[in-house]
Amino acid sequence: MTLAFASDYQEGCHPEILEALNKTNSEKTEGYGTDSYSALAKAKILEACGISNGEVYLLVGGTQTNEVVISSFLKPYEGVIAADTGHISTHEAGAIEHGGHKVLTLKHEDGKISAERIEAYCADFYADGNHEHMVHPGMIYLSQPTEYGTLYSLKELEAIREVCDKYDLYLYIDGARLAYALASKENDVSLKDLGRLTDVFYIGGTKCGTLFGEALVVRKKDTIPHLFTLIKQHGALLAKGRILGVQFYKMFEDGLYERIAKEAIRLADRLRHGLEEKGYEQAIIAPTNQIFISIDDKDMADLASKVNFSFWEKKDATHTVIRFVVSWSTSEDEVDALLEIL
Amino acid sequence: MTLAFASDYQEGCHPEILEALNKTNSEKTEGYGTDSYSALAKAKILEACGISNGEVYLLVGGTQTNEVVISSFLKPYEGVIAADTGHISTHEAGAIEHGGHKVLTLKHEDGKISAERIEAYCADFYADGNHEHMVHPGMIYLSQPTEYGTLYSLKELEAIREVCDKYDLYLYIDGARLAYALASKENDVSLKDLGRLTDVFYIGGTKCGTLFGEALVVRKKDTIPHLFTLIKQHGALLAKGRILGVQFYKMFEDGLYERIAKEAIRLADRLRHGLEEKGYEQAIIAPTNQIFISIDDKDMADLASKVNFSFWEKKDATHTVIRFVVSWSTSEDEVDALLEIL
Amino acid sequence: MTLAFASDYQEGCHPEILEALNKTNSEKTEGYGTDSYSALAKAKILEACGISNGEVYLLVGGTQTNEVVISSFLKPYEGVIAADTGHISTHEAGAIEHGGHKVLTLKHEDGKISAERIEAYCADFYADGNHEHMVHPGMIYLSQPTEYGTLYSLKELEAIREVCDKYDLYLYIDGARLAYALASKENDVSLKDLGRLTDVFYIGGTKCGTLFGEALVVRKKDTIPHLFTLIKQHGALLAKGRILGVQFYKMFEDGLYERIAKEAIRLADRLRHGLEEKGYEQAIIAPTNQIFISIDDKDMADLASKVNFSFWEKKDATHTVIRFVVSWSTSEDEVDALLEIL
Amino acid sequence: MTLAFASDYQEGCHPEILEALNKTNSEKTEGYGTDSYSALAKAKILEACGISNGEVYLLVGGTQTNEVVISSFLKPYEGVIAADTGHISTHEAGAIEHGGHKVLTLKHEDGKISAERIEAYCADFYADGNHEHMVHPGMIYLSQPTEYGTLYSLKELEAIREVCDKYDLYLYIDGARLAYALASKENDVSLKDLGRLTDVFYIGGTKCGTLFGEALVVRKKDTIPHLFTLIKQHGALLAKGRILGVQFYKMFEDGLYERIAKEAIRLADRLRHGLEEKGYEQAIIAPTNQIFISIDDKDMADLASKVNFSFWEKKDATHTVIRFVVSWSTSEDEVDALLEIL
């Protein structure tokens, strides 16, 4: 059997989550997230984010969450600024445009966009005499960690927040893999920082140990009225919402979300270290759970017969960048086995 | 504790489904429904529907499925004909219109619309000299069972199919509670009939024993190209698609879908019979898992303290129609307890 | 040649409008409605409506204006309440739904909906425990005169305004044929009343003597920010906006809008009177420029060879309701000729 | 008074067009483009394009036409490939995204995109294992002349057509200023070439001498069924369609469209020659009716007090690129006056 390093959604869920689902399975609760587990989960999440007057909604998937947030927060004449490598820019099949909004892409650096670049974009926009004929910037979309596994520092986020305040933009962070950011040694951005700096962000479950689910955190209650109805309108309201509630309550009840990712990052660091020792160079320097190396095309086919990894991009005529993903479900043995093969 | 008769999504999932999820939890599979469990589930479902060259997609929820189907199958100038009591007409928060399409409502009879009424609507439409200024009918949406718990007979569906052929309309059936229709003694429409008569329909999981999930069945492959991409675009593609695959495979592997509903209908019939004996009259004659009775408003408050039921509609100044839902998770004891109270 | 009584858009424009276009044709102005003619027109219109702090936008057509207003004023979770006979409900090819919003239809009485009916709808909506799963009413759409040629009285509009205030709804009036309402002897609603009672309405040009054009009047500036950009986004911004400005300035410079319609109504009244004398009964009692009579189907074919009129609806097996439209371009001779034929 | 060189929509319409409107003003015709002038115009246009089995629709404006075409021709999962400088990419306020489609931008060269670049984009797209999660390319949007005043050669268009055939893409050309392309000495692409190479394109009226109006040409009838209804749905159907018909009939009856532009190009060439003689360098080498020069910022303010021109972009700290537009309404005297000032 091949080793599974292709993505962080290849297993079901973390055993403790599964246990919680088993234990609560036959209880009867109200639907649509109005149950007590969802209430508990939301309270725990707000607490973890240091938010006293906010809202949490539990949704099923990442693209869905991005689409609901962006189309609900933006006015019809607004678009969302994102890195050209952002998930919404590339791999969501046009979900944002289907919702009526343009993704205003800025060139990325290691998967990130800087406050300077955003500032320049906005300054140019408002300087243009024709800007009333153009899509107004209304929101900034970042991913933490980025699609390249890199991290925004606290200083970088604070600078971006300043630009948001200056130009009246919402700051939205896609945290599909947020647990792995929080656990990285290089990270200096806490959940409380996100609760303070963003207007809305989501804490990813699907890639971080739940069966599925993303917890959408809105800093200030009623920023968008009737978000519940909008979620329903987008087909994103789970009938048995308590399944999300149970999972996120378990995650945030006693630090499971952090624990899961800490172990994953320990193994990712180990894999990174092992690769270095074997002379592989990281194609992208990323301190989270994604590891990118450049590999000779001749070796790649051989490797593919033993390991399930992701093709990332062609590097040159004879080399390819591939990606290994270490997840909450990766074991020490699997890392060892992979290092042996390489 | 109150008795739970308010809806069919108050518990988690059927124990056999849960067991299947437990057993497969740590297996590693491909994402997005490309795994082998999803493949097995789809094959079993097509077989059950007697379809040799169709497609199955596994989605998460009902509104989502309706929204994806309708906006994917219709041309932009088309709308969908539905009963004014249809779920898409009333309780989906405008999801269909958000997708750009008008719901062309016809007055219902017991939750249903007849071939005659649809025929008359279409004839009028094409007779109108201004019809190029109007929304063209492009699809018929039915629910089986309906929102009133009633059933279309095979003869009724065949007549509607004829109208569809005459006016080049897709026939789409919302089967959120389909299991309960199939198990009803009054039903004469099989899965194979649906596979033969509709262009697309869905087999509901959420209300019929899965944690969540609806199996969308398309009679003819590639009726709509790139439906996979459209599902993604609508935020409706589950990353760990295998969770849907495992559940629906379990349901269709050895007749669980039928068994679950048969028991629910047995209990619903028993409740119906008991109510009759106690002198309650059914407000809507429905042979599936929803039971509607008219109750004196004075008694209603008292009942509400002991039983969780649904308000349906005001009948007159002093009476209200309420709904009891018997589901896969209802026990004989609960039915007995409810009858005792009433 | 047949007599033209089918609609009010069969000629070009009123001679005085044409003269103004001729006179200004070779002047050079800024584009997109930022020219001085547009500024003058807007000032005159606001003055006529008694509005001191409002906005006027000049658009090209009626469906376009309805679509821009409704999709700009409504939040995504809101729909617009309209008569089931309203233009947006029937003859705009789904433009409102294409913009993402449901038309919440109420049954009409003579083309109108009453404050009572709207009140009842809203009361029911908010009483429904599931209303967060439904489309929220956000606006009322009326036509003055209605599609049936009937009029809302001042008292009726004031009552509707009260409901709007109670339920926080925008009041929007489609004035495609407004001039004919203002000129009707039965009318007691002035432009100033509309300026005071609605949030937004439009003064129709196309059917009232301009080549094309509708003047959208917003009672309070910046009710919707960046409406200019939204108009552009909907493809509704005329490059040479001054063509609209010149026409509406001419219309409102010295009472031309009133004069044109007064003459049309005089002729319509004459036609009505003549029909009565000849024993025809009005199928709809309408005091504006549309006249509806019931006619024997045998006579209809004969009439159709001499007069261009509109089919309205089948009355019974042997009779049809037909419509004559008297417009700004109808001459006394034409009315006489029509009466002679009938 | 300042000299008007800012755009090609500063006057009303060409005197011959105005005369035709005057002459036909009091005729009575059918609405919505079903009149005989529209029929004549469409026949003349199809003939000029060498199309025997196509369709012509007359719309009001450019953004409107782009929006209707793109959202009508594309499937919901498709986007449109365009230069990053394309009008739809920048100055249409997000009209295309509002219609649900992503603009897939390619980097321009002198306002153009090459067959090679499009080929590479498509090859990459289909090579990507994740392409079913991405927006599928469905159409290529070009402008002739481009927003930079440059021209596609016949050879370039033929090469692009080949890529379209290979990847099953529609080829759509925005001809807002098409007359000026056809009249340019460097042009080798005829209307018949466009009729042969594109699937759909439009012949601009607004910037080329009509009051307003764009003639949309579809090479093959019924490529998109019910386009009439879609035009209505987008609020783009002019009630008095004959106003468009009269204008385009006049334009194509006896070569007026060519004559108008020939004179404009003669004057543009003269201005270009004069600028050269005075030592100004063209910032963009463009052979049509737009002329771009780089100017010292100190001189710009002075010039702006005498001439109405367009700001194009900052060149460096002390220089700006400005644009002069010569149009059908520009006179020899105006060109002389401008040259004198410079």
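Read from first to last, the chains carry the letters A, B, C and D; within each, the first residue is number 1.
Here is the rule we go by: a residue touches a chain if its C-beta (ideal position, glycine included) is under 8 Å from a C-beta of that chain, and two chains touch if they have at least 3 such contacts.
Everything numeric here is computed off the predicted structure, so don't read it as measured data.
Novice: Please state whether A-C or A-B has more C-beta contact pairs across its interface.
Specialist: A-B
Novice: If you match contact pairs by residue number, which of A-D, C-D or B-D shares over half of them with B-C?
Specialist: Interface equivalent to B-C, from the options A-D, C-D or B-D: A-D.
Novice: Chain A to chain D: how many Å between their CA centres?
Specialist: Comparing mean C-alpha positions, chain D is 42 Å from chain A.
Novice: Chain A to chain C: how many Å between their CA centres?
Specialist: Roughly 50 Å separates the two chain centres.
Novice: With chain centres defined as C-alpha means, what is the inter-centre distance between chain A and chain B in Å?
Specialist: Taking the average C-alpha coordinate of chain A and of chain B, the gap between them is 33 Å.
Novice: Tell me, which residues of chain B touch at least two other chains?
Specialist: 76-77, 92-94, 98, 100, 132-134, 229-230, 232-233 - these are the residues of chain B that touch more than one other chain.
Novice: Contact residues on chain C for chain D in the complex?
Specialist: 4, 6-7, 9-13, 15, 18, 21-22, 24-31, 60-68, 92-95, 98, 206-207, 211-212, 229-230, 232-240, 242-243, 308, 329
Novice: Show which residues of chain D lie in contact with chain B when the two form their complex.
Specialist: The touching residues are 71-72, 75-77, 100, 132-134, 136, 225-226, 228-230, 232-233.
Novice: How about chain B: which of its residues touch chain C in the complex?
Specialist: 76-77, 79, 90-94, 97-98, 100-103, 129-130, 132-135, 311
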